[in-house]
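Read from first to last, the chains carry the letters A, B, C and D; within each, the first residue is number 1.
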Amino acid sequence: MSARIPLGMVGGGAGAFIGGVHRIAARMDGRFDLVAGALSSDPERARSSAEALGIARSYADFTDMAQAEAARPDGIRAVAIVTPNHLHAAPAIAFLNAGIHVICDKPMAATQAEAQAMAEAAANSTARFFLTHNYSALPLIREARALVAEGAIGRLRLVQANYLQGWLADDVQSKQAEWRTDPARAGAGALGDIATHAWQLAQFVTGETPAELSAELSSMVPNRPIDDDVRVALRYAGGARGGLWASQVAVGHENGLTLALYGSDGALHWAQETPERLIHTPKGQPPRILTRAQDRSGSFRTPPGHPEGYLEGFANLYSDIADIIAGETAHLDRVPGIAAGLSGMRFIAAAQESARANGQWVGI
Amino acid sequence: MSARIPLGMVGGGAGAFIGGVHRIAARMDGRFDLVAGALSSDPERARSSAEALGIARSYADFTDMAQAEAARPDGIRAVAIVTPNHLHAAPAIAFLNAGIHVICDKPMAATQAEAQAMAEAAANSTARFFLTHNYSALPLIREARALVAEGAIGRLRLVQANYLQGWLADDVQSKQAEWRTDPARAGAGALGDIATHAWQLAQFVTGETPAELSAELSSMVPNRPIDDDVRVALRYAGGARGGLWASQVAVGHENGLTLALYGSDGALHWAQETPERLIHTPKGQPPRILTRAQDRSGSFRTPPGHPEGYLEGFANLYSDIADIIAGETAHLDRVPGIAAGLSGMRFIAAAQESARANGQWVGI
Amino acid sequence: MSARIPLGMVGGGAGAFIGGVHRIAARMDGRFDLVAGALSSDPERARSSAEALGIARSYADFTDMAQAEAARPDGIRAVAIVTPNHLHAAPAIAFLNAGIHVICDKPMAATQAEAQAMAEAAANSTARFFLTHNYSALPLIREARALVAEGAIGRLRLVQANYLQGWLADDVQSKQAEWRTDPARAGAGALGDIATHAWQLAQFVTGETPAELSAELSSMVPNRPIDDDVRVALRYAGGARGGLWASQVAVGHENGLTLALYGSDGALHWAQETPERLIHTPKGQPPRILTRAQDRSGSFRTPPGHPEGYLEGFANLYSDIADIIAGETAHLDRVPGIAAGLSGMRFIAAAQESARANGQWVGI
Amino acid sequence: MSARIPLGMVGGGAGAFIGGVHRIAARMDGRFDLVAGALSSDPERARSSAEALGIARSYADFTDMAQAEAARPDGIRAVAIVTPNHLHAAPAIAFLNAGIHVICDKPMAATQAEAQAMAEAAANSTARFFLTHNYSALPLIREARALVAEGAIGRLRLVQANYLQGWLADDVQSKQAEWRTDPARAGAGALGDIATHAWQLAQFVTGETPAELSAELSSMVPNRPIDDDVRVALRYAGGARGGLWASQVAVGHENGLTLALYGSDGALHWAQETPERLIHTPKGQPPRILTRAQDRSGSFRTPPGHPEGYLEGFANLYSDIADIIAGETAHLDRVPGIAAGLSGMRFIAAAQESARANGQWVGI
């Protein structure tokens, strides 16, 4: 029997969204056991949340947790960090220093300085840092990446990555909305919360990073202190041009992450809300609707036509991470880590700098 | 902490499909612990499969398992039966007799006689019988049912339920195909394997059972001894008319289960491969694309736009079953059980009788 | 300069629908000049309609018109008959007898006897009879037919032709609805008005005619004296099985004519409301979205991506008819005529006979 | 009888594309008679083209034509100008000076100076100038404009207009491609040919013109001397932000003109390739699929579900122009003219200026 990997969690107490997602993802394939947590900075709430979730060991503080777990023979080998952005760096560094693998939600941090410190901690640790850019773990995205790599669309010419939501079209009052619209805790608005996903997705599939960008950040809702609409023009070193548009005021969109790529020999189209279809158009031929029947990543559990989606994408990451922790590193390159995290932080900083300079082009 | 429910499994050893689905579904929401199994009729294979899956107690025989587990203070409280159709009845009866809840894959059995015996065992047991018609546990299907019940489409006039697959368009050689195309083990071909899903789905959403049917069963692949294409005309007592078409030779379809309902005041359309959309057309108004933003069933884990699908549908059943086992029976009516199972068996028998009589109408 | 063909029209006065469609179709490619008409059985209305439409010669009576036009050196060479079904036969025969080509709307007639008389008149005439099954003149349908003929889907196994409308879901009062729901004038309801289109479309694309059928005809709206829902099961001599469903009470559908074909080697899907796409799925390969970029029929006026539709389909027929009248008969086989008309009438009669016999199978 | 309006044409000889489109559009509703033409600058070719098309009066020169027709009692009252962009101004001015209405293809001219001269000629003429931005004459676009005007999406926040084609992804050799990729004759590439349509469409539907823009123009095909990809960021005075992306190297797109609008209270989505659907999402409610069943413009000939498209859009313009020429000016505001033409030319110039200045914002 392959023993399950003991897992811890920081953040993700009652009322949180992404913590629950990580727990389901960790459970789905039976590779992890969630046994320890510092689910809240409020000790009593941490304890009651842990109890409600059946988590054996509850800690009031992530520093204590890192030390105590590292000292136990049956201690956790990995920890999921699912706190707001400004609370990623400190626990990530603590667990990396304790030799415990870190599975961190995105964006990597609230500031570039924090991200740099995390990168250094990872470089000095025996443990690894993983960043849950879950969308890039979906099977058809992995297939898209393989198709681009083998030349199915030729030389890249045009990229368009959109991430459109409408849930912040009004001045929403909710736990989810609250910290995401606070510059101090989020670092950036739509830019950090969703544009970074689009940035990473385009980078993951194309294998290319833009050389420079020009950005416009807007706040469409009166009195909102942070960006809720992000428009970025992209220039690639190889001559390709692109656009990235992320919005949280695009009424009617639920979670509209889409990617379109056009090259000298073909095109690819994908949309997160219908994740199991990838349209591949070879130049001069009709579009082909690819499904998991054509997938070569093996990143699924059921036959084509049995829809897998958001939770399964997260679970694909957890499954790959379990393999990597077990020493099977064949798929290391498809799990985002420090490099993806730093790139995302650089993207945020460059977009903010360009927007402040009225859209001036800024190098990445 | 709400303790997890100890769960067993009969069938589902290495190479099986639906067993793995049940295991993921049972794990997804953390309500069950799979601790015992009789995964194969071959004792050695049963043992090695159990070990590979981390299942603590492996049995060579489901009869032994039922008795032993019933005798343990920490014994299983529910068992998933994921064997081929002709091996549903015996274990189901054994576990029901032992007071252990049964979660049985569909169709209920290979013959009406077996199904009847199972129904009697359930009637005489303290335990319950659940049938995993998973599609009817999807949130938009539950919403569709609610809409019909509250009159959103008026009086039912037309029903069309299709279930189209193409994977048996050739004489496929695989473990999955093998028993499904053997009349002795499957009882029926596409009729039992997929048409029963369409039958139950239409019944679940409309709340009505056809009064009579006329059927044509075909075998399109040379030398196939069982039906692979099923066309059924339906008459409802209230005057509605319907059709049910199930095929496993519909090239290009992966898992094309669809439902269309038309009433005196509106229409509903749903397709399993895009499960998170339900089209509702009130008469004289434009179609409305409903998503989980409009769902009232609560049968999901993530916000709208974060696709949940096949595995989550199964998990919804497991979650409801966990509630019911825990004594919360508010949702008992949305979990298929004996009645749905018997109806499906009657549908199979009636369709076979009608087809033998050149499509003569047969009462249900 | 290629002179335009002088054209006449019977029916199609003020308030008519299909007459206007024929006029646009005749004008679109500049091949015809509408110069004579008997637009109404009411002489004054015929005259005022002709004047409003700029038609030079108005007749009170189609018999007079046939004789007078045949006698003129510049008389019409073709006539469009766009009256209700029970008024097709008499003018068609009159013009055929006068040596004037007939372009008749479908279905061919209100009864099989009338259709037979028309067929005899055509056989004895120097003029031709054309039947405006317009949908089969759309470019992607012509491409579908070519694909089937060259074996793209292999041996035919499954056919499903649907024609769903919702406009008669209530007891509508309109000129269009009035004669269509009168058995004396229409001969049949949805069966004649739309099911015949689906019948012809399937026949045109597959090149096969079912050997027998079993039908159920229903009237869903209280007190409606004619069928508004038609369900037909089809058996082909080669072993294929099919279904044809036509309804005028399918709320929410506007003009939902669709065709799905499955063979031993592939499948084709087409829908009239998105007429410029044809999905071709070769067995074991991803679906390909064909457009006019792949069309080989030449039946269009603009590049792919510039939507042509219903009127252009009609105009394609008129264009082919102009060629045929000019002596270019290469495309004679793709313009429906007597054979298609008689087949449609036989379909109507067989469906009515089967329905009266509780769905008994009836040979075609 | 309402006499047809005598119409002339400049350009549109054998091998031309848009000339044929204008001829079909003029014929479709029977409101015009094409009786005169200067179809080519080569007199013999002009004559033979006119003869082939059955055009009574052929001129070798548009100046002669304007004078001769103006002098005839039965002379043309309107002329369609369908030459390449750099040959719009001279004939337009000649016919306006002769008191003959001008129906000019877009963009208005090859340079702003030409456009200005045309505007002055129109101001001094008794005749009108019409610009065939055909897409804005489609019924659902007219409905979209009405919805925006009545507040259905609230205050405008986000605009995205795309026009994606793939036909110039290679160095195509064709009559169509040739002058369109010649800066001297076209004035601009994708910018003039298709981006102007997207600009006008957004302007027509929103009723707002951006205050400034930032543009990037690219040539993706080696050695192409003109832009084939256009990316423009838009700022509106009212605070809205937008994007316009036009490309002729977007492999796989045929004629992908799309418009998305998001306001404080709702959203609208439309795509030219499925022109008969308009998605309207009121904030907080499910999307509604509008069709011509909801249209209030009356800009069609057939019931909803009978697809009309590109040619009918053009014909809608011709029909409105016929009304206007006949003195019925109720719909004057929906037919593009001088103002739309000048705005398009200003857009082209501003985009070229911004692109030369590395994307600097330029006022409109």
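Couple of notes before you dig in:
Note that contacts are C-beta pairs under 8 Å (C-beta built on N, C-alpha and C of every residue); 3 or more make two chains touch, one makes a residue touch a chain.
Worth saying up front: this structure is predicted, and the values here are computed from it rather than measured.
Among the remaining chains, those touching subunit B and also subunit D are A, C.
Between the Cα centres of subunit A and subunit C there is a gap of 55 Å. In terms of their C-alpha centroids, the spacing between subunit A and subunit D amounts to 43 Å. For the pair subunit C and subunit D, the distance between C-alpha centroids works out to 35 Å.
In subunit B, the positions touching at least two other chains are 253, 287, 291, 293. If the chains shown are joined wherever they touch, the resulting network links each chain directly to all the rest.
Contact residues on subunit A toward subunit C in their complex (touch as defined above): 280, 285-291, 293-294. Looking at the complex, you find that subunit A touches subunit B at residues 1-4, 17, 20-21, 23-24, 27-30, 51-54, 165, 167, 253-256, 272-276, 291, 293, 301-312.
Those residues of subunit D whose C-beta lies close enough to touch subunit A in the complex are 153, 157-158, 160, 166, 169-170, 214, 216, 218, 220, 229, 231, 233, 235, 239, 241, 243, 245, 247, 249-253, 262-267, 279, 281, 283, 287, 358-359, 361.
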